[in-house]
């Protein structure tokens, strides 16, 4: 093929320079951290499912733009909750074809959604059935009222047009019989001989790279002026750093590059960051005498200097959440709107030791010999459990522990094997404070329902979460919480479980926003989890031979710019 | 058949079997199983929690008693089946067949090379005992030996690969190089193995050279060397047949043992160089709790070790004519 | 005469050697001692002579209970020592008593003493075994006095030394002291003087003889040198035993064995013993130089392959011991009526 | 008679020397310790000279010196002249490497103390023979025939021995094989450094007998070193006694045995167990011989000598001519006849035949 | 029993030699003896050899760092100093620079020392102690005991070291440095035991061992008094080698992240510098690699030097010569006694 990536040393983007509409016979070199030969494309099979190449091989239903906070239509050009909200109607883009020449039809979309439903996807909870109205229209018949944003995220989010009916219908049929066997078969099917629906087709799966070549007959083909796109296998961050530093690759997605590394890159390397909607927080053991005490949690939030922590870990990697609340950093203002200013920020850039001390004193704690003790005279001991080997988390934990100790908590780093955390510590609540994700991650989290659900009801890890209001299946009691009311004096009692259920079922926008503010307030005051920082996803684009939008352009605020921009005609070979 | 041979072979097999059993038991003590690691991986991939539960659920199997598992493992092992890697979703034997030659290539080359260098250097030092050359070479040997091989490896990666870009920092061959007996492939493979080999050779040759030096000095003082000189033999012949041969002999067992030892050491080395050999898979298997793969790799490394010691024991008698009788010792 | 201290009866010691990488062969058996009976009386001296490898050491060690015989019995004052050791004997003797009563001095002075201990410590060891209740100073005094007795003056100075600070002769004297401090009944002196300079040998033998008289100890003295054996046995009024390939060829009072050797092999040894007379010792009284392989000893009389007087009859049967005065000789020539006299002479071709 | 009438000389000469050693010294530690101290010695063509001395007296040094092969870092001084059958005499110490290589083993050969360590343990004996022949550019086939003959002369089975590795042979066999190896190039002189020390007497005596035969057959000159005086008595034509790195007495064997004139030699004779001598009179020599780094001044034996006088303590005695070619390095050699009786002699023999002695 | 007369004579003869204060003298004498035997003379010999001298100085420096150093030099903490200081940039703040989270790099290295020393000690003691136990008993007792113990150590030897340690480390997640030391040497002893056994086989042929047996001395005492002192130099050399192995393996495991990272360790520093601080990618953080590397190398160097030079120390010949007790012994240069079988 036209691959020019023969060796480590050569730049992928040489070859004949294309001008104007001509397609240049060059290869855009990206990267994958999966062993190329092992990658497979059946989304129902969890092992070795592609992590990047499917973005080019298949058309996504719609793309979530973090800057806009909403979905940008793509294969699904239009979607609507109608007919008294019991139908969710999807309309396909015209002219999209499979690489074997067949058109992408509503039947294909329906097949894929059915498979998702049958194998336990979230839409199953409120979908009766899925029908195709015509070649371009798919309808989900809903069983209950559902918040339209939830449907959007469940149906459109992270879905690629992969499962062509012709190939996958047989699995749908099998579910009629032995469901378990069908699920198992579907799950173990390796879709490697793919029929692409996107603008590229899979040319070669070699040891060191995946080679994709441009399709002529995709609606967006004309936006793409280069012939090949390859994903070179690079194992580990340092490999990626070296490759992008030497500009041996043209773009990389989702890599972990600390500030000093980013600084060492050439000016022709452009960094784009998108929030990952997931990040390091402290998950308290709510049954613990101190960690379970709201006063201690608030004191902790005051003590933490989140900015310093982020700086220690690397500002290119993490972001400081402005206020500790169950909503991702970027979305806080968008959802809280006017109420935003009522929320306590607990001092994101400083250690508010005064405030922390005051709260503790009011709650009956006192400081003896430099260490805080409770009313029984028991010292506040706060070992922070963290998975060993997660170096950024360990750095953060170390900083936190140092800040705690400075304040007068008796803190220490308790690093454990990730497996023993998963296997014993978390399920058995064998910790005091544990490092954990305070957000559920993914675009979904941009809708606070998901992040509040995560904080208040169920720690996503699926283990014991003994916060009072948490789901009973997780170790909670679905109890009420009482917090001081947001506006002025008095207090407010609410049942987060009920309120979030309401939220999931309402179609009323104002009600949605009200519940979000209300439950966010609960998380801000009661701090079921203590947000510390939010992870940033980094994408790098080289600009010496490629035309790309300027840094932080709205169009780039997606996962992943390096695959989205070509479709949009925003990443072009410039010679 | 000779009884020593039979006994020695029996013991080698017994050893492998015992180690296998031990490993089998030990691995099951590791906290967190493959399923938990799968869950963790899926979580990190951002897969929907309910889907994760569904996936994990289908992987769960009825718990089989350990002895049944053991019995099944042993029987399938006897038919050459090492099981299926959970993480790579491939037969363990296929992974090992793919990886082992590379590790053996690197480590055996390195060990041979380091012994050749050590023997030559050690002999030279012995001949020039007490001279400035001896002092410098001895000091250098000691200094180099005080560097762990992986530290030197990291140094190499940083300086030679990253700073100067002289050598690749990872993988067995460059991208796009197709395996086969082509010059391109072979030279590329050597190019990629150069740094791993160099880091082992440089850090281990020193001590062996010192050992060789000691042996040579000892042999140089033997009467038979003196007599050989008087008999008018050429210096070359004395150096090779008299001093060399007798000084190298005691290092022979050490050589074969070191090969086995180094193959075990590949766990760290291949990690530093991202060199997908046996050690690399061992580490992957360990962190992913891929029992079958772990067992397989463990078994292979053990077997190489046992076999190399076995060969050493059986062949030493052929190499050193003096060793003829297996030691018989009276019990006190 | 009183009951012997040690008596060996028809003792055999066989060693089995396994060989490496030797396909197809059975393990080899070395018949180091093959049917020897001998007594050591109280205050006796028995010298064993013979070529290297003929089994002197093995026999000596068997006599003092360091080597277990494969056949036959070793008795200490009438009781089988291995039965006592195993606890199968009803004799009122403890194994530990026997152990302390039978001591050894080795050939190599270099390895006879632990290089890491001072003499005082080395010599305290026997006292620790036999007289554990002695106070430290008493122990020290005994050691000093014995050291002075063997001529190592000043004792205190010597006692503070390490073995490597002694000459070979001094080391052997310390080894002798160590054995004597056990207060033993029998001392096996296995080539105890062979490694010493010629000029020191007599001194060492004198020392042992003096102490033998003083401490009432019997000696089993092993040497390959007939003149040393003679010196020792004659002075001690003891016997000389001539060994050949695991068997006793001849045994008898020292001067008689030396002056009237009956066995052809004794004559060979006599021939081989150097002396200061200048006359030629004449032809070699042997047909072959090398001793046969002890793994496949010759049939019949073991010496027949080398014996100048061997006849055809010697290849067939192994001669039993014939009494010849106070000597015992294992040679058919002692029996005037034996078929030996009628059978043809052996030649080598 | 007084001592001043004694004839004395630096060395005792012989008629047809094949090797003349003059003032040979070996020093270690940059000259501070002598391990061979001014030895002068003639080796007569065709004779067997026995050199006797206790352990550490420098015998091996003397032997090594004859081949200019003193172990490093020893320094050898003096002259060692070799007189070949025909041709001019050469000083061995002046030879260049190549000539020295040719001289060794082809002219003067050596058998070391301890045959066990003289063979390369990893090579068969045949290889040893072959490589020696090759190193000296000899015809290998003819050489190996010679080797076969030599081995047979030494009562060995040539084929078996040659195909063996050293460790497969007994000590006595190794020693004989080594003798064969040393003779394979047909040297003129054979220097033997305690060739039998590690063997038992029967083997020693047998080998000595064989050596005598070999000497006749191959017309050899031999220097035989031992610490065992009686051993050489039957073999050697002449004997030299060494004490503390010096030669102290030399003469015909009969002279030494019966009329030894040095107190040390006499003491040595008396301390030697002997089958024929009366037992009562054997006496050990008191004291120890000196170490190279603290050699006493004067005669090295004076600390142990019952006859020592002031002169002995300050002056190193030359050889005093006792009779003919019998020399003794002692000022008081006469007194020693009276003071130290030789126990192994019959009473009649003990008297000094006065007329013969000067 | 028999020579009672001579008993009395001897004690009479030497009456004057016995002083009343004999016992007290003995105690203090014994103390002096112990000092001489185990401290003074070995020290003297060790000091005489350049290698052991340098090795001891380095090791002593580490002990100082691990004891006094940690007490004098402030412990590392995040943000104790400005972030990412280069070495010597602010010498009095952080001489060798700081990490990206403002920890003093030197402080990290220094405070990792005590745990490392404990690990080394525990690993060395366990490996050599166990090897001596197994090796001497197997070698001395012979027979079935020998076969059993030899098979045991052969099997232990056949298990690949690093992979085994990794598995055990993951199972136990040890934090206590002493435990880590033992885990690392979990099968290291086996090779040593095997070679000790073969040495003991040779030693037990020494006639003084047979003499001890003849005197009825018990097995334990023979092993302790006659056998072990002889293998002491070898054991010490191997202690140093084991120590080096412990350092190499421990740092390696920390580097791989197999051991818990709560404590500070040079391996963790390496890992952080390599994987997190971007020391590879020219981020100017190479010094963060160099500092722990230097700490690892110097202590390893100390142990190699000690191992190479130490076999002289417990050799009584050399010891007494050095202490001026004996002049006549020839210098047998023990340089030549280098180990023939060395492993990384």
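We just call them A, B, C, D and E in the order they show up, numbering each chain from 1.
Everything that follows uses one rule, which is that a residue touches a chain if its C-beta (ideal position, glycine included) is under 8 Å from a C-beta of that chain, and two chains touch if they have at least 3 such contacts.
Each chain and its UniProt protein: B, E = ABC transporter permease; C = ATP-binding cassette domain-containing protein; D = Dipeptide/oligopeptide/nickel ABC transporter ATP-binding protein.
What you see is a predicted model; the values in this text were computed from it and never measured.
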- Touching subunit D and subunit E alike are B, C
- Message: Considering only chains that satisfy the touch condition with subunit A, which of them also satisfy it with subunit B?
- Response: E
- Query: Expressed in steps between touching chains, what is the minimal separation of subunit C and subunit D?
  - Reply: 1
- Per contact tally, chains sharing the most pairs are B-E
- What is the distance in Å between the mean C-alpha positions of subunit A and subunit E? 51
- Task: Determine the centre-to-centre distance between subunit B and subunit E, using the mean Cα coordinates as centres, and give it in whole Å.
- Result: 25
- Could you please state the distance in Å, as a whole number, between where the Cα atoms of subunit A are centred and where those of subunit C are centred? 92
- Note on the structure: Separation of the C-alpha centres, subunit A versus subunit D, in whole Å, is 97
- Could you list which residues of subunit A touch at least two other chains? 236, 238, 242, 417, 419-420
- Send over the residues of subunit B in touch with two or more other chains. 30-31, 162, 324
- Message: Can you pull out the residues of subunit E that are in contact with at least two other chains?
- Response: 170, 173, 213, 274, 280-282
- Which residues of subunit A touch subunit E in their complex? 236-238, 241-242, 245, 257-261, 263-264, 308, 311-314, 388-389, 391-392, 394-395, 398-399, 402, 405, 412-417, 419-420
- subunit E residues within the subunit A interface of the complex: 77-80, 83-84, 100-103, 170, 173, 257, 259-262, 271-272, 274-278, 280-285
- Touching residues (chain side subunit B, partner subunit E) in the complex: 11, 14-16, 18-19, 22-23, 26-27, 29-31, 142-143, 145-151, 154-155, 157-158, 162-163, 203-204, 207-208, 210-211, 213-215, 217-218, 221, 250-251, 253-254, 257-258, 260-265, 267-268, 271, 279, 282-283, 286, 294, 297-298, 301-302, 305-306, 309, 327, 329-332
- In the complex, subunit E residues that touch subunit C: 1-3, 6-7, 9-11, 13-14, 17-18, 22-23, 26, 206-208, 210-217, 225-226, 229-230, 232, 316-317, 320, 325-326, 329
- Item | Partner subunit A, residues of subunit B touching it in the complex | 30-33, 36-40, 42-43, 45-55, 58, 88-90, 161-162, 165, 168-171, 173-176, 274, 289
